[in-house]
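Multiple structures follow.
Here subunit A shows up in two complexes: once beside subunit B, once beside subunit C.
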Partner chain A sequence: MTAALEIDDVHLSFGGVKALTGPSFEVAEGEICGLIGPNGAGKTTLFNCITRIYEPDSGSVRYRGRELLGQRRHLIPSLGIARTFQNLGLLSDLSTLDNVLLGATHRSRANLLTSALRTPGMRKEERQMLCEADEILARLGLGDVRDTIVSDVPFGTQKRIELARALMIKPRLLLLDEPANGLTHSEVDDLATVLREVRDEHDLTILLVEHHMGMVMSMCEHVVVLDLGAKIADGKPADVSRDPAVVTAYLGSEAA
Partner chain B sequence: MDATLFFNQVIGGLASGAIYGSLALALVMIYRSTGIINFAQGEMAMFSTYIAWQLTEWGVNIGLAALIAIGVAFLAGTAIQSSIIRPVEGADHLTQIMVTLGLFFILNNVAGWQWTFQAQVVPSVFGDEIFAVGDVRITALSIGTVIVLIAEVALLTLLLQKSRIGLAIRGAVDNADSAELVGISVSRMLMVGWGLAAAFGAIAGILVTPRLFLQPNVMFGVLIYSFAAAILGGLDSPIGAIVGGLVVGVTENLASTYIDFVGGDLKIGVALALIVGVLLIKPNGLFGRGEVARV
Partner chain C sequence: MTPLTIVRGSPRHRAIVAAIGAVVLVVLIVIPNVLPSFRLFQVTLAAGFAIAIIGLALITTSAGQISLAQSTFFAIGAYTTAVLVADHGWTPILTFPVGAVFAFMVGLLLGLPALRLKGLYLALVTMAFAIITVPLIKRFDGLTGGNMGKLVSTPDPPSWSGMSPEVWTYAVAVTVATVMFWLANNIVKSGVGRSLSAIRHSELVAETMGVNVAVLKSLAFATSAAFAAVGGGLFTMTVEFVAADSFGLLISIEFLAALVVGGAVAIPGAIAGSLFIEFLPAWASEVNDALAGVLFGSILILVMIFLPDGVTGFIKRQLSRFVVVRHPVVLPPTGDRIGDQGPVDGRVEVEAVLE
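On to the complex of A and B.
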């Protein structure tokens, strides 16, 4: 069986900064894989390469056997890939609901004309999307802020709204960049539960970047560790957390 | 003070103001979607108006000619965006300004070469009737112009606030990266933005030329007033563009009537003074959002 995601020797430098120096790993279909590493390790940069925001200098990124590099960015969602951003990619002057509805864009058949004329087909589609959005909002406990403008809700809630929007894409592969950032302890537990549930229901594969070690260790079946743009460990959570290279990387970054 | 004169001037001002507002709306549309100030907006409008005029010369009814010209303007707007604006999207402001200025001169010269600089009469889409309320005279064209402006704002608001395409356009403007990752093609949305702006400009041109005569430089003055309108309203606010347009139109008319040294010749000075004044006192205009989120 082919892996859901294969990262193969990806290199990317910004001027003199070598952000990625050739990490390679695979994420198996249906697993929750943690991607961890100290600040500046290159985690977000790798996400940006996978989702076509950055163009790597060399290497390959394959999704279910298909090369992603070279794909047009706005077609990524129709391939079944969704992500959230570390520093939020929401439209801050729109309501929660509108932001989540945007997640359905790639599935929509609306064009300028049908959209302006509000044809019956368009209205039916809108009703359908509205139903789906409300379901996702309820599931993530966002019903209360459904009609609130996004900039008026706390950071942690915005992160969950972004997750809702990503789920609205109906992805097969979900890339989450620090989803627990800004959440309280009990909220982190809820988030972990929801993520496991949606993974089971929709056969999702999840790649999770997170500094919250408790969450990573309890949720992930597989953990990859980056440091200074390179992979330094790859395996089961328990093994990885004992790996001397990992311990050093984290201690080193704490001492600095 | 003569009340009839006053009201006539206010009404005349509202009618021109509606046109400034319409072109200002086009400027705002493009500024919001690409961060570019389109100096060629007026010339694009002029060119579209020539198309309408040419069609009437060939015997097409002005209403139909106007609709065709507006449609052509929309398509031309999308073509201009994808051919000459897209390559300078990430460039600095000066480069972008040079490109729209270049477009300004090209359109101006091509129109002069094709249709000469002789003034042409464009028939009014709303006929030539004049209504009198007491001593105050209102032309059908003025009434029609204001109604069209209201319809434009309603359409734009509906499109941007209520429709899914509108959401997508706003997404593309606000945060291009994340918008693309929900499947929005930002470049297509920007094309639509330019198309709509060109269509609004064409409407302004077709409505103003029955009063000003059509010649290649006709929109230059109108563009200055529209800049004043857009800046007064706040460059990123559609409502601001409309209110700004009406205020500029009325101010211009009243100033030239009641302030002796302004008269007819210095009218454009009123617009320039407004631009400078607003930029000094309230740089974001009346309805502006402050620093505009750039793509």
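On to the complex of A and C.
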């Protein structure tokens, strides 16, 4: 199996805080890989390095063999990488639909001039995007909130809207930062099912940061554990959960 | 009460848009027939302001960038028209695109460094542009007429129109404004408009979603400059005179005030805002000179406190309790929803589902 994503000895510190101290691991093409660890382990920081929000001090991040460090941030979606944010990055005063459509930005051929003139090509593209957005909304059970302003829907639903927006990017690699946060038990199960289905349909590779251990253990084929910025375990879920280092790292933390 | 849902592009939506269009057209035709010529002059001026304001809305309301340089670009348009009409005998309407292109290029040039800054710093730098503008106009008084100003007598209306010069100028202004509003509205409603909103919300999220923030901000700034220039061109055509001191920082501030009062809904907001800055001070000062400033300031403060999204934002929110306009649901033919309207582009368009 070829690696979709290779994290190689990534270091990043903020002043005195060493957020990442050189974790290295690979995510294979097509797998759902869990990235877990106690609070402050550096999971979100690693996502931010992959999506070019943070500039690591050293190390390498490769996507399908291509170095990501040095890429411009807004070009990441066109490489086929999409993410969600732990604390939501939605446009709160726009509708669900508008938020999801934003995900199509990198595929749009529109510019200011063609938009101002509403050329036939523009209108056609608009219809096409609308159609895709509606498919994704239906897929994620968001049809009812399609035209609702995002700030008026519950937090758990907003997380799903962010997932919808990430899917609208049409990614090959999907980075999810705590998608189950704020969801009820049955919603978590639904989410797991949908994620597996879209992975199969679209040949996605998923890197999943999640504190919901039930979801991680049942969904992931591969789990990487971070603690204090370093990788402490990497393997099959069953092996990882028995790993003494992991047990120690989690001891006393809220993970169930 | 469930609001009535109207689907964009549906027959009902088209009928409503057509009806609103008809009412607006009637009003526009009635105006020159009922207003005294000085009031008509004010309405014509307001049309020019409204174009500059809608341009400002593109970067400020949409993308969240506060610019005080709109007076600079307004001046560029005004003087382009003044020079071409007075010195080279052009017809005013042909000068507007020239001013727009000129302002667009200057906008790009100024915007590239300025837009690296945000918030207050961008406001301050653009304020500096506005402050430099007036001395620059005076410096080139050979071309601009400087302090003394420049008379710009516009050609007589074509005889086929049968209109008086004032009515002709009004008709040209309203036509140009309509075209500019259409362009601005298309931008705001498009994917590019969405990207601008994303910039206002968070540049970081916008970039993560694939928006080339630096480029789009510069282009939007330059586009808004072009709108201001068209507004400035209309100003010259209407007043038939330009003088340096009419293009100071104060107009930029008035444009911002107009945005705040007019509010969040792009086109009606710009119209309401332009009428506000044109008519309120004029009316008030007919009563008492001091009243104009006091009233202007108080209304601005009251709007900011009680109507944070302006007059039109407030009206829109009230209306949305009764009527909601939304995009049509477009699903592949397999979609088994109610209300199929028949195939469109091999797909099935589904009308609103009223629940």
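Methods note: the second predicted complex is superposed on the first by the 249 of 256 C-alpha atoms of A that agree within 3 Å, B and C clash if a C-alpha of one lies under 4 Å from a C-alpha of the other, contacts with A are read in each partner's own complex, and residues count from 1 in each chain.
Please note the rule applied: a contact is a pair of C-beta atoms (placed from the backbone, for glycine too) under 8 Å apart; a residue touches a chain by one contact, two chains touch by 3 or more.
Owing to the predicted nature of the structure, the values given are computational and were not obtained by experimental measurement.
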Partners on subunit A (subunit B, subunit C) - clash or fit: clash
Touching partner for A:79 - first (subunit B), second (subunit C), both, neither: neither
Subunit B versus subunit C as contact partner of A:103, first or second or both or neither: both
Subunit B versus subunit C as contact partner of A:147, first or second or both or neither: second
Partner chain in contact with A:127 - subunit B first, subunit C second, else both or neither: second
Touching partner for A:91 - first (subunit B), second (subunit C), both, neither: both
First (subunit B), second (subunit C), both or neither touched by A:3: neither
Touched subunit A residues, subunit B compared with subunit C: C
Which of subunit B and subunit C A:51 touches, first, second, both or neither: both
Touched partner set for A:165, first subunit B, second subunit C, both or neither: both
First, second, both or neither for A:217, with subunit B first and subunit C second: neither
Contact residues common to both interfaces of subunit A (with subunit B and with subunit C): 51, 53, 73-78, 83, 85, 89, 91-94, 98, 101-103, 105-106, 108, 110-112, 115-116, 118, 122, 126, 165, 169
Subunit C residues touching subunit A - in the complex, by the definition given at the top: 183-184, 186-187, 190-195, 197-198, 201-202, 204-213, 219-220, 223, 324, 326-332, 335, 345, 347
Subunit B residues touching subunit A - in the complex, by the definition given at the top: 155, 158-159, 163-168, 170-171, 174-175, 177-186, 192
Subunit B-facing residues of subunit A, complex: 51, 53, 72-78, 82-83, 85, 89-94, 98, 101-103, 105-108, 110-112, 115-116, 118, 122, 126, 165, 168-169
Subunit A residues within the subunit C interface of the complex: 51, 53, 73-78, 83, 85, 89, 91-95, 97-98, 101-106, 108, 110-112, 115-118, 122, 124-127, 129-131, 134-135, 138, 146-147, 165, 169
